[in-house]
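What follows is a group of structures, each given as structure tokens.
Common to both upcoming complexes is chain A, partnered first by chain B, then by chain C.
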Partner chain A sequence: MTAYIVRRILYAIPILLGVNILTFALFFVVNSPDDMARVHLGVKRVTPEAIDNWKSEHGYDRPLLFNSKEAGLEKITDTIFFQHSARLFVFDFGQSDDGRDIGYDISQRMWASLAIALPTFIVGVLINITFALLLAFFRGSLFDISGVILCVILMSISGLFYIIGGQYLLSKLWHLVPISGYDSGVNALKFLVLPVIIGVIGGIGAGTRLYRTFYLEEINKDYVRTARAKGLSELQVLFRHVLKNAMIPILTGVVVVIPLLFIGSLIMESFFGIPGLGSYTIDAINSQDFAIVRAMVFLGSVLYILGLVLTDISYTLVDPRVRLN
Partner chain B sequence: MSYLPHILITDALIYFLLVLVVGFAVYASRHEHLRAPWRQVFNRPLAVAALMVLSVYISIGLADSVHLRERISDTGADRADMEAQYSHQVISLLDIFLGSLRQHSEKTYSMPFATHAFSMETVIGQDGSVRREHPRLLYGGAHLKDISKRGQDIAVKTVTGILVGLIAWLLFAVLIIKVVAVRTHMAAGALWLRIKRGDTRFPWRSALSTGAVISAIVSALIVLSGNYHVLGTDQVGNDVLYKSLKSIRTGLLIGTLTTLVMLPFAVSLGIMAGYLRGWVDDVIQYTYTTLSSIPGVLLIAAAILSLQVYMTANPEQFTTVAERSDMRLLFLCIILGGTSWTGLCRLMRGETLKLREVDYIQAAVALGVPTRKIMLRHIFPNVMHIVLISVVLDFSGLVLAEAVLSYVGVGVDPAMDSWGNMINGARLEMAREPMVWWSLSAAFVFMFGLVLSANLFSDAVRDAFDPRLRKR
Partner chain C sequence: MGYMKALAAGLMLMQSVLALAAWNNPYPGVDAKKNILYTAFAERPKHLDPVRSYSSNEYAFIAQIYEPPFQYHYLKRPYQLEALTAETVPVPSYYDKHQRRLPENAIAAQVAYSVYTIRLRQGIHYQPHPAFAKNKDGGFRYHPLGESDLDDINALSDFRESDTRELIAADYVYQIKRIADPKLHSPIYSVMAEYIVGLRELADNIKQARQQQKDSVGRYLDLNQFPLDGVSVIDRYTYEIKIKGKYPQFLYWMAMPFFAPIPQEADIFFSQPGMKEKNLTLNWYTVGTGPYMLTVNDPNRKMVMERNPHYHDDFYPSEGEPGDADTGLLTDAGKRLPFIDKVVFSLEKEGIPYWNKFLQGYYDRSGISAESFDQAIKVSTGGDMELTEDMRAKGIRLLTSVAASTYYFGFNMLDPVVGGYSERSRKLRQAISIALDFEERISIFLNGRGIPAQGPLPPGIFGYSSGQDGMNPYVYDWKQRRAQRKSIEDARKLLEQAGYPNGRDAETGKPLLLYFDTTGTGPEEKAKLDWMRKQFEKLNIELVIRNTDYNRFQDKMQNGSAQMFEWGWNADYPDPENFLFLLYGGNKKVGNNGENASNYENPEFDALFRRMKDMDNTPERFRIIDAMMEIARRDAPWVWGFHPKQFTLQHQWMFNSKPNLMANNTLKYARLDPEVRAQHRERWNQPVLWPIVLLLLLVVVSLVPVVISYRRREYGTKP
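Here is the complex of A and B:
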């Protein structure tokens, strides 16, 4: 098991290297640091000196990949690639373009993201599993058909409308919860209710429908017929056999997103004014802060790969047929 | 008035896509194994109804994809020796159809069906007195002499519109029934009875009734929009109905061009990885694992940021606003394709892995058919159903993604009409007191209609083409 995990982590390294090179290419090769400086300083009142200043301030005045001026190992380390991209590997995110320490910002902001994303995720998955089970129990009936159609309708509404509609109904019309904002500690609770509710409702359509197909796939299998034949009631069949086996495909989709909960949801956080990593990223996009976007791209991929590893491990825990080798 | 056609890059791609679709339709209609699943799709009432709604959207989008430049006729009589002058403003066929809707712009916000502006303005009366009032709109309800008759006028116009639409559709339906009756050698009356009972193979009942609803709505809108702003006006006074209609092209383009861009890569690489195995497989797998491990929104944001920097650095390459936003739209499609091809590529690889062990492939290998030919002639046609399913399933997701991306600020050009931009603008409008709700609602209704019908249709396609589902 340990050997497997170690191998998986080693396998992740070339992928992260690929991610790194890709973002490097996007940010430094497609657009030279000069162009970036020009965007930051404004196109009109830009002078070559100002560009050079900006570049040296942010450490973009080095050569891209190979520094022929330096000696020895410095030839490689004193370059933009090494200083700005390769350092991400040890989670040294460096400074944002306006001079803040990105690593510190991330460690401060991820808790707010988690406070929204984790309850949304847990409640969402539980509700989806329950609803899907309900539909599967009444499969083929009018209840099932109308449930599926309702799911398709819910899926066809853009997430933005759930947010806007929820804010309008619960905050503006009924004054139940504050419309947006965040607070520390227990006081945060009243700010969390609305985003969590909206997040759960927004995911019900797709989730329920997907899980329902998982159940239906299991329900047609032989062992279910055997279970019925030996006289188990439909409820017992569903809970004891179908649910357990359907958990395997459900896990695939669920476990992989757990690490990504840390970086939160871009849209949710910016709508509700939550100081998490999602709004951090959006602010960085809007102010064209390349250092932060680069750091978040890397962090996101690391967490995604972590999610893949966790998925594989969780398989071995729930499915004895899977042997890691 | 004469026009000069002006083809944007995305237009050209749309025409290309159209040719592909028509070509595929002709091909499919000649091959029984392709005709059978399509027949199954067209036998589902819900799918047919969804397709009819979709085709309304598609025809609007296509009309909006024929771009023209108007001839400037300043001298009246054209002289043969003078080279014709054309306006720099690019308009589309749709703009010409909707002529009055495009030009009837007010000063600022007005409610749907309003006769007066939404906000107060300071007006100086004829006797010099200063008053605050809602000024009368330039076009909305301008034909009314007595404003108190507005409700009555709207009701009359709506009913007229609906009746005209229904009658027109009825005539059309009668024609169709006659034709079908002749072709199936049935008496028209008997056919009509069977349609009424829903007792036909092709769901004529749902097709005809959907058509009736569409026709009634369209005709009512046409009648009403001549005199009113049916969905109100936005901040700069543009008609919201016009904006929503123009947004259709953006939504359709994102949904289809993205697929068109990524399809060749996803299919060819997936088949190559699955069939050739070895180092080719390793490289391709590595590429898509790397790409898919970057969260999509972030990759798109990074790429669009780079594009913005490039556009600021090289402004000379993008002369007109239309070209600029068109470039950005195309680029967005390419990036979206870049992030979404990995899923299809993985599916292709998996299916090819399965197929290469199948007897007829083994036989082809034994007969000495070249590898390239095996992949093209034997594997490719047999993975087409997966391609088709994923294309139709992806469509609605992409339309929804456009809205989110535009909201984040990495979507289509802010100057372009799109539902995402409308929703984005609605954020400030919602904070106003009283609220400006109509832009948001219009974007909601139009988007919902498109995505819902796409979802319903794609479900039918999946059910018909997926062999796993077909068995049950």
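Here is the complex of A and C:
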């Protein structure tokens, strides 16, 4: 397995390089360094001299990808791409264009993202599994049909509606939780209730339907029929046999997103004023802060690759037939 | 029966717990009755360094912390400068090119230099700050620091020791030198370099030194080693600034945070290795002499300012405008400032949560967004805006003021069709000026929050005239004692005289096609653009919308390829020069990179501007401004657009609020009654429990058939 993991990490390097180049190209197709300087210097009394100063200060006065004026290796290294992107591979995110240390900001903000994403994820998965099991147990019944219809309805509603509706009902009308905000430590709990509830409800429809499909697939297999023939109760069949075997496809979807929980939710964090990495990314895009955008895209790619590796490893844990080589 | 009793008891217990504190209170319960002001910020500040900061969302913080030598009187109108840390507002001394002293009323042409001598009040001290902390041997406690000294430091509050120091003249001089530091990108450097003697040379010297220092990035560069000819320390409490020519507006600049003092110790402290990596910089951590100091600095979540324990003597004004006493604005006259102990700013990006928290009493003040306008404001039978019954029932009060801003529709004067100074192009612009009905636009898109502009000057600025005297006669007629927009027939006649009868070129017969460049996107912007098209359709002119992103739009403006556009300007200071310079030829965007986005250049206007800009506010200056307005209105380089009206709501427990469009350091005047606020918050935020009970009951009820069904399936029996 070690060789497999090492190989996957080595595969990740060209992928990350490609992601970096793509992010770089997309960003600079839309924005020139002059544009970035203008956004950061504001709209009033900005002179060409100030723009040149800003570019020089932030290292955007070099050529983008190839420096024909330099000799040797510096043709490549003395470029915006190399100077701003190469350090990412050692997780040195550098400074944002307004002078803040990105690594420090990420380390501070990821906890807020996790504070929402982790409970939403855990509670959501547990509820989805339970509800899907119930539907599978009562498959074909009125309960099952009603459940599936409910899931489709839940899936069809926009996430924004849940947020605004949740804020209106729970906060504005019933005064049960703060409408938005965040605090550190235990004080954060009251701010997390609403986004977590909304996140869980918003995910029930899709999650339950998917897991129900997995269960139904398993339920019709021969080993389940054998289990029933042995005289096991339906609950025993579901929990001892069906659930365990359906965990493999469930794990595919679940484990891969675990590392991405750090990245946070763009909309949720914005609406609830949560200072996480989602709102960090949105703010950076709005302010054309390439340093942060590049760092967050890179981080997202690393975490996604990590998620895929973890998924592969988790297969070996839940299914003894799978071997990584 | 027993279950029901237990349930009832549980509910009663819950209710009694809930009565103690509101569940939806976003703040700690123990702070409920404390003298704390709660407000919000929508956008993360980018810079808190007064040498860089140039936006209102940043001034909301730094203007309470940093103190320039002068400030605007809080209550008096028109706006007046008064001393803040200075003893008085100085009268400049004028000198000719031979260094001979000139009289106070010397005309600008004679004046080669103006000298401002600023004498500071003694005994003003900085807020507690680790940069001032000293060892027993008298050396600084935290500079220089060793490599490992920052291991446990993540915020400024992690430094255990702090101290203060008296404010001295050298701190102001140091800050002026910082304006010239290219590394700091001060937005006013280019303007100040035109005036402050030696500032440009200083910038060159610093730039050279920084180049030589490049190998040792982050090392402190002592700006005091570089001379600045025009600025000098006279004694511990006095400094002098020498500027080129006569520039009365310079005093206004000195009332802005750019001219606030920075203690050199703080700059040295934050320049130490390892500080920047932890975001410990002067750009994020403030050190001032103002009424408040920043104690929590988390721009991602909240910023907290607390009373500066060393704040100097400062008292609520005893004089104001007529009527201020009647509205209670002089009740606190002569009382020591500030009134509020702590100010909590929470990051609130979305308008809906902000508005709802205001209605719940968790924010003390609020603006009015488009979504909440109808809920807050109604139009009375007399056409006035007033609060709705709901707002009045809550004791909410409305404050309105016309902003010292102007938003206009500009023509690019370099454009071959709409630009130029021929009679033809002038009449075309005048026709469009009539057709673009800004009264309608204010009504539809601003809910009436604005007044149509008659020229570039907003109300409250010297040179502005109201009534018939201030009316733009090229667009309006004075009828029934008010300015009424000329008819569309008048516009069509002008269009015909311009050579476009019925919107067609008389020579070629081709329809007139005009282009409007904009960055607007989204449904609301689309509605505005549709409205714009309709205005041009009145003249049978086809308007082509060229929608582009902000960067491309800026490029077009820079190289003069936009034909028509919309732009705006917020006043830096209350002087007509700050608006009329937007039309001065020397400030053209194309070629001069100035703020004259229309690239308007009329020699007559420019000559008058040069005369007017250095004058004191005399009747003669007023007459010159009138003449300039007449020229500009006739040439019509802008459709004069509108001046926005600001609406602010505040709760009944807030006092001493008066809109002041020039002053940013107004928090120190605000007073609140925390007891009244706590009572209202409790009354408005009682938790509603029945939905929880209903939900529990629903879960139980829905489980019953599930259990029954399960038992039937498993055991084939009824429970």
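The working rule: the second predicted complex is superposed on the first by the 298 of 325 C-alpha atoms of A that agree within 3 Å, B and C clash if a C-alpha of one lies under 4 Å from a C-alpha of the other, contacts with A are read in each partner's own complex, and residues count from 1 in each chain.
Here is the rule we use: a residue touches a chain if its C-beta (ideal position, glycine included) is under 8 Å from a C-beta of that chain, and two chains touch if they have at least 3 such contacts.
Note that the coordinates shown come from a computational prediction; the quantities given were computed from them, not determined experimentally.
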Exercise for the section: Considering only touches as defined above, state whether A:T23 meets chain B (first), chain C (second), both or neither. Expected result: first
Practice task
For A:P14, select first, second, both or neither according to whether it touches chain B, chain C, the two together, or no partner.
Solution key: first
Practice task
Go through the superposed model and pick first if A:Q83 touches only chain B, second if only chain C, both, or neither.
Solution key: neither
Exercise for the section: Figure out whether A:I267 sits in contact with chain B (first) or chain C (second), or with both, or with neither. Expected result: first
Handout entry: Partner chain in contact with A:I285 - chain B first, chain C second, else both or neither
Key = first
Handout entry: Superposition-derived comparison: chain B or chain C, residues of chain A touched
Key = C
Exercise for the section: Using the touch definition from the top, say if A:I164 reaches chain B (first), chain C (second), both or neither. Expected result: both
Practice task
Give one of first, second, both or neither to describe whether A:D35 is in contact with chain B, with chain C, with both, or with none.
Solution key: both
Practice task
Share the list of chain A residues that count as touching for chain B in one structure and for chain C in the other.
Solution key: 30-31, 35, 38-39, 164, 167, 270
Exercise for the section: Mind listing the chain A positions that touch chain B in their complex? Expected result: 14-15, 18-19, 22-23, 26-27, 30-31, 35-36, 38-39, 43, 152-153, 155-161, 164, 167-168, 220, 260, 263, 266-267, 270, 281-282, 285-286, 288, 290, 293-294, 296-297, 300-301, 304-305, 308
Completion exercise
chain A partner, complex, touching residues on chain B are 286-287, 289-291, 293-295, 297-299, 301-303, 305-306, 308-310, 312-313, 396, 400, 403-404, 407-410, 419, 423, 426-427, 430, 440, 444, 447-448, 451-452, 455-456, 459, 472
Problem - chain C-touching residues of chain A, taken from the complex the two chains share - result: 30-32, 35, 38-42, 44-50, 53-54, 57, 95, 98-101, 104-105, 108-109, 112, 134, 137-138, 141, 143, 164, 167, 169, 171-183, 187, 190-191, 233-235, 270-273, 275, 279-280, 283, 287
Problem - chain C - residues contacting chain A, complex - result: 22-26, 28, 44, 46-47, 54-55, 182-183, 185, 187-191, 276-279, 281, 283-284, 298, 300-301, 346-350, 352-353, 356-357, 359-360, 362, 549-551, 554, 593, 595, 685-688, 691-692, 705-706, 709-710, 713-714
